[in-house]
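Chain nomenclature is as follows: A, B, C and D, assigned in order of appearance, with residue numbering initiated at 1 for each chain independently.
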Amino acid sequence: METQDLISILPEIILTVIAASVLMVDAFGGQRTHRSLMGLVVGGSVIAILVSVVARVDATSAFGGMVLTDGFAVFFKVLFIAIAALSIVLAFAQSKDVPFAELSALILFATVGMLLLGATGDLILLYLGVELTSIPVYVLVAIKRDRFRATEGALKYFLLGAFASGLLLYGIAWLFGLTGTTNLADMALYVQSQDASSPWFLLGLGLLLVGLAFKVAAVPFHMWTPDAYQGAPTPSTAFLAAGAKMGAMAGLLRVVVHGLEPWQDMVLPIIIAVAVASMIVGNFVAIWQRDVKRLLAYSSIAHTGYMLIGVAVVHTQSEAGGLARDAVAAVMFYAAVYALMTLGAFAVTFAVERRTGGTDMENFQNLGRTSPLLAAAMVIFMISLTGIPPAAGFFGKLYLLQVAVNGGLTWVAVVLVLTSTVSAYYYLRVVVNMYMVEGQPRLLPVPSSTAISAVVAIGIIGTLVLGIYPTGAIEWAQSALEEVGKLALTR
Amino acid sequence: MVQVAWLIPALPLIAFAINGALGRTYLKKRTGIIANAGVLGALVVSVLLFVAQLDHAEPETVSLWTWAVSGDFALDIVLRVDALTLVMLLVVTSVSFMVHVYSIGYMDNDPGFWRFFTYLPLFVFAMIMLVMANNLLVLFVFWEAVGLCSYLLIGFWFERQSASAAAVKAFLTNRIGDVGFLIGLLLIWHVFGTLNYDEIFSLAPVVEAARPGILTLICLMLFVGAMGKSAQFPLHVWLPDAMEGPTPVSALIHAATMVTAGVYMVARFNPLYVLSSTAMTVVALVGAFTALFAATIGLTQNDIKRVLAYSTVSQLGLMFMALGVGAFTAAIFHLATHAFFKGLLFLGSGSVIHGTDEEQDMQRMGGLFGKMPVTGATYIIGGLALSGIIPLAGFWSKDELLGATLLSGDLGYLLFVLGALASLLTAVYTFRMIFLTFFGKTRMAAERFSHVHESPRVMTVPLIVLAVGAVGAGFVGVPPEHGLIHNYLHDTFLAAEFAGLVHVPSTVFVLALMAVSTVIALLGILVAYGIFMRRSPAPESVAGLAPPLHALLVNKYYLDDFYDAVLAGGTRTAGGLFAWFDLNIVDGVVNLIGLVVRGVGGGLRRMQTGRLENYAFSVALGTALVLAFYIMMAR
Amino acid sequence: MDSIPILSIVLWLPLIAAVIVLFLRERRAMFAVAMAGSALSLILSVAVWAGFSPGDGMQFRESFDWLPALGIQYALGVDGISLLMVLLNTFLFFLCIVYAWASVHDRVKEYLFTMLLLEVGITGVFLALDFVLFYVFWEIMLIPMYVLIGVWGGERRVYATVKFVLYTLFGSLLMLVAILALYFVYGNTTGVYTFDILELTQGTYGERFQLWAFLAFFLAFAIKVPMVPFHTWLPDAHVEAPTTGSVILAGILLKMGGYGFIRFSLPLFPDASQAAQTIILVLSVIAILYGAMVALMQTDLKKLIAYSSVSHMGFVTLGIFSFTQQGLDGAMMQMFSHGLVTGALFLCVGQLYERTHDRRIANLGGLAHRLPIFAALFLFFSLASIGLPGLSGFVGEFMVLLGAFVADIRIFGVLAVFGIILSAAYMLWMYWRVMLGSLKEVHRRLEDLTRLETAILAAMALVTLWAGIQPQVFIGIFTADTSGIVQALTATEVSSALIK
Amino acid sequence: MIIPALEYYLVLGAALFIIGLLGVLVRRNLLIVFMSIELILLGANVTFVGFAVALNNMLGQAFVIFSLTVAAAEAAVGLAIIVALSRHRDTLNVDEIDTLKG
């Protein structure tokens, strides 16, 4: 374990240290230290981000190929740490009735798992990352013990999550057995020389894909998402949607890019089928939702569908140069934009929940008059989620559409376009309730918390900046991929 | 001198602008003066121009500005001054001036005084421009503009539902005619590539040779426009209803000027009509039939203005008959004389209505001559001119008209019979009107009869002037075929000569015809005298003669009701059907898509049962599908 | 003149005004800023008109790399076709804001912000020279319109506004896929990957691709125009929209469809356009006659005018797809005049509604007694809408008919002519029932237009008259550009013969 | 001592996997479902060990240790949730917990 390996996982170490220290400080300090705790977390996150950007190792991998240290990993490290910090700040607003320290620590531990997922080059690390991300989040969902719905949501999430991990592990076992290695790159090389479509290979591959598909909440493995999102306290849901799922997406990307290259014509149909199913189920069922959190859950399933199109294009045979690179860059950019939008949307929902005691559509009524700024923010997030300019969501979808059309998946692009028209209906229904419907939900005498306003503000700035001038982010994503060995060669 | 021609339309337009802007608030009664000044100015300039142009043979043009240039379509607004235009200008401006003077008295106590004197000069401006247009599009533009003015003036007393209804009916019927006109215009553009008169007339023979039959179609389409504007059968229904407007309006627009626009248009396009004999026969037949048809209805009308309205329709029919047989000059001559004596009769009837405090129903009149001597006298002169008694204007123009039909070949005989019959009936209903109104025992309530008074001088002077016109105007066309007007218009209608339609009658034929015409007229007057003066003036006596025929005529052959039911009613029901279709089917489909999407969403939603084993089952099912797919894929 | 980016100023000025309005407190200041912003952009667009030399193609061009990673530029430019539309747009918006000053009193801040944002969206559509930029502005105008109808609208406003957004979004998203496909097809054939409109219109594309892409573009524009089967959103949107919303909706939004056909469908897909010519002409004639017939039987004033718009826009599509110089010029003039006239009609109806709080024709009557000035202006615009010669309505319709009277599509011209009877019928019948006849008791105390309202309508009347008497002033702006498109189209005449 | 061939491991692993799978799908009681999931993990571990021995590659067995520790953590958290749930509703029957649906 040379110093190089240590440096490559420095951000993870920093986060773990912060998490531990947060627990320690809380053990001694108690209630009054919460403000300083948040300071500690935010400061720590900033340091971690700087370290992950600055402390770059010249080698492309560490720990014998298990941990990859390329631009792709750095991009996701920065994103995940930022999302974690924002989630913790958001959770600060409910520090009265929810153990804030434990919550922060859990989020940090889950973030470490996500960082590993972003940098994994090996199936073992993949499994470890998945579990390290999932277990803290199970607790996050159930953290409000006195609410039955939280526990029920957590239970469903846990049982199905564990079940899926079991399938994943069994899949990995078979792949390890047949290829003799768990390293994605070596596995790909080995399989290339073999007959890639022997049934046993496919058994392992299938189970691997199912496990990952579950973690990314794609249809038909999505059933846990609505209940978990609705049951969990809103900050936890925010982190689950913006953080945990994006971590899983990063892991899926790693696997697809590095490991599944020889199985191209096997992987493509599955991912497309799952993507189309997610888009349809996610958008169509969302129409009926009365509860905004549950609506955002289905919307997240739909957005998973959009992103999976980008993942699918990685393996299309089209001869256009740099297509694979563009596809991954499109998914990366979309993940970042989606994380910001969803976090913002959940932050606003959280604020409304605190003021009106619920997250039903009725609670949003007349928000336009009672708190205009919050309502305006929600309008921007809704527009962005629909994919209407000038919000960032538009360019996310545009890049994905561009990649899909270039990769010959024009019919999938059309499905994306049609289902986003359906999505416009339920996103704008929120706006309808906020501005256009006369209704007076009774307002609880709760002061608006600065923490939430901060998170909402950051969400707005991010969405609008990426909407008006997204070049910076897109170019960063594209350049990050130059270093990824496989993608560098403009296939 | 022609450079000043643009003043003729400009003066009434300026009058309109001033009255329109300041009339309501500032000018009020003074708007009458301004309107009169404007129209008088136009009259004076027209006369000056007429005198200056006497020796000129070539038509001159004054171009104002470019209207539009798009590809090979280029169009400038150009005024044209030639013999035909000047004749029309003289007729239009003179009659308009008379009506303007008359209206000052007639509209004196009307609250909308300023509004009346805003619309009237606007009409005069539009009519002048129509006559002075140098291309088909400008003609069409002001063709519709006069239609608008007639809409505004018919519906002048808009609080009366019947007036507003009549206005809309007039505009729509004109619009139906305009559709024909527009199609004709577009065909001309399509075939000729230009809309300017001179180019069209010069290209006409070439086009006829190249595409035989196209000219006939164009002429018929233009004639449809003329039928709409000049109220020829079957588009005549709007003129009688137009009597809802103030009487000076009826006199000016629905007797002297606007309705003659159709005649002017056909006359203007004589080079085209001459080349298509079928179109000429159609024009003649429609004209003749309308003449007789309208005359029959005129017999049974009790409203004094409606009698005159049907008389106008009938006289216009005669003019179209003349055009149809190629006697263009005769038609224009009759148009001019008709303008004077019909204007006189209408203004006279206005004076009667004014004098008898708004009484229009002849059944409740009678014996008014004593009370209104000047109106009565001028009215009789007008009646004599209308019936065609020598030496009044009506005689000469109608006589020449009938002569031309006789000489125009085998169809001519039928036309002559129809024309003669129409003239006979004209004499009958004219003098029925005079006897019922002015002579016999009065049927008006004594108390009301005592109030009847002669109209003020500002109304009677125009009557006298027009009476002089009705007497003197005829001599312009004496002797037949060689009168002043014939030489003047000779160059305009050269095309007719080349086509061999102009026949110079022998003097014995002319004299014989004069005799026949006079006999017809006198016979008509005697018949009217017999029925209405001798037996008993009450109109029931006439009904007794042939009840079913009388009922048919009184109800105007039930044509109006037929139109209302079929055209108006049909459109409304069809519209209702479409509206329902649009709301339920087309919109229905859109909402259906929405419902389907909701339905699918609902179905999928029910799969989310909330029970854990269903979730686990769906995960397992997903895995099974993936593996099944792979097993199928693997060899 | 070209040094300063005048188009960007015209484009972004309203946005600056909108942002300033957000920070203001009381109503008068907000309206002052809003009016200044829109007035300035109007003046500037007139300045552009002054500096514009017809026939020189795209002028006042600006561009910089906005998103090189995806091949997207921020490129603006204006030629005859777009200049006319920008002028109409800035003119109508200025008048609307002045009108709103007199009539809008609740949520003024959000109202002005939405209106100004809408103006930016629409101006952008006409100025954009990059496909994605065009699409971005096309979508930007969606939300303000949605909010405008949804918040300040009538009773069924939510249904109307959601239907409006979904319908438009559905069409435009398909267009986005077509734009991307265009980007790649052009890129693969020529190696140059760009969204630049001028460059893409130069490219030639295979017939199968043309047909498919044409269909996607056609759907987006047909919904916007709206053409007959896709028009049912218009009456609902109009009935429920606030007055100024209706004015903008009828005045400008509908023109984006026509503009799209001229700017994109014809140059990009000549063969497909010719193949689809007959169907579209049939739809246009149906729109003219069917729209008029349905308008005849409407009981709600706004719905009647909305259906009249469907009928008038039928002339636009008829003119565009006649592929003749007069047809295209006629279509442009018809769009310009329809914008003015129908915009004014909606203003009149709005003013009427403010006084009588009732839009049902049956409940109104004899209003001319109490509202003489209003009656005169309302008649003026009704006549313009009927296409009375001498007013701008006639110019567009007449030239479209001229264009349609050519070769084998003459039958459509003839059928379209009958539209003028129906338009006269429903308009005059409406005017008669509303303004003429006897005054109802309840309207006894109505008072006539204020000086401000009269001034607004008078301004529009003046331009309508000017365009009617001297249309060459306006036709001159764009006739060179339309002739370029027609020539390009007829040049592919021979290939279209293969398809038919 | 005879070393059982690879197939035996695989068959055992597969058997455990399938039993666990069916247990999750069929059984109603939460604890049984939880235990079935553990069975699946065990099945995977057995397969891992089998392959590791066959390939003579220590990595497999090392990974089994990993997965066991993870399974333990998972179990701890899972049981905590199940206990919390049972405190709310005394039943552990899967069908009764369906308040979140639609």
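In this text, contacts are C-beta pairs under 8 Å (C-beta built on N, C-alpha and C of every residue); 3 or more make two chains touch, one makes a residue touch a chain.
This is a predicted model, so every value here is computed, not measured.
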Does B-C or A-B have the larger number of C-beta pairs in contact? B-C
Intercentroid distance (Cα basis), subunit C paired with subunit B, Å: 37
Distance from the CA centroid of subunit A to that of subunit B, rounded to the nearest Å? 78
Can you compute the centre-to-centre distance for subunit B and subunit D, using the mean CA position of each chain? Integer Å is fine. 98
Averaging over Cα atoms per chain, report the distance between subunit C and subunit D in Å. 65
For subunit D, give me the residues that contact two or more of the other chains. 24, 33, 97, 99-102
Where in subunit B do residues touch at least two different other chains? 605, 608, 610, 612, 616
For this entry, which pairs of chains touch? A-B, A-C, A-D, B-C, B-D
Contacting residues of subunit B [partner subunit A, same complex]: 597-598, 600-602, 604-605, 608, 610, 612, 614-616, 618-619, 621-623, 625-627, 629-631, 633-635
What residues on subunit A touch subunit C, complex-wise? 320, 368, 372, 379, 383, 386, 388-390, 394-395, 398-399, 401-402, 405-406, 410, 413-414, 417-418, 420-421, 424-425, 428-429, 431-432, 435-437, 469-471, 474-475, 478
Subunit D residues touching subunit B - in the complex, by the definition given at the top: 21, 24-26, 28, 33, 94-95, 97-102
Residues of subunit D touching subunit A in their complex? 10, 13, 17, 20, 24, 30, 33-34, 37, 40-41, 43-45, 47-48, 50-51, 54-55, 57, 59-60, 63, 66-67, 70, 73-74, 77-78, 80-82, 84-85, 88-89, 97, 99-102
Using the touch definition up top, name the residues of subunit A that touch subunit D in the complex. 124, 127-128, 131, 135, 138-139, 142, 145, 148-149, 151-156, 158-159, 162-163, 165-167, 169-170, 172-174, 176-177, 180-182, 226-227, 230-231, 288-289, 294
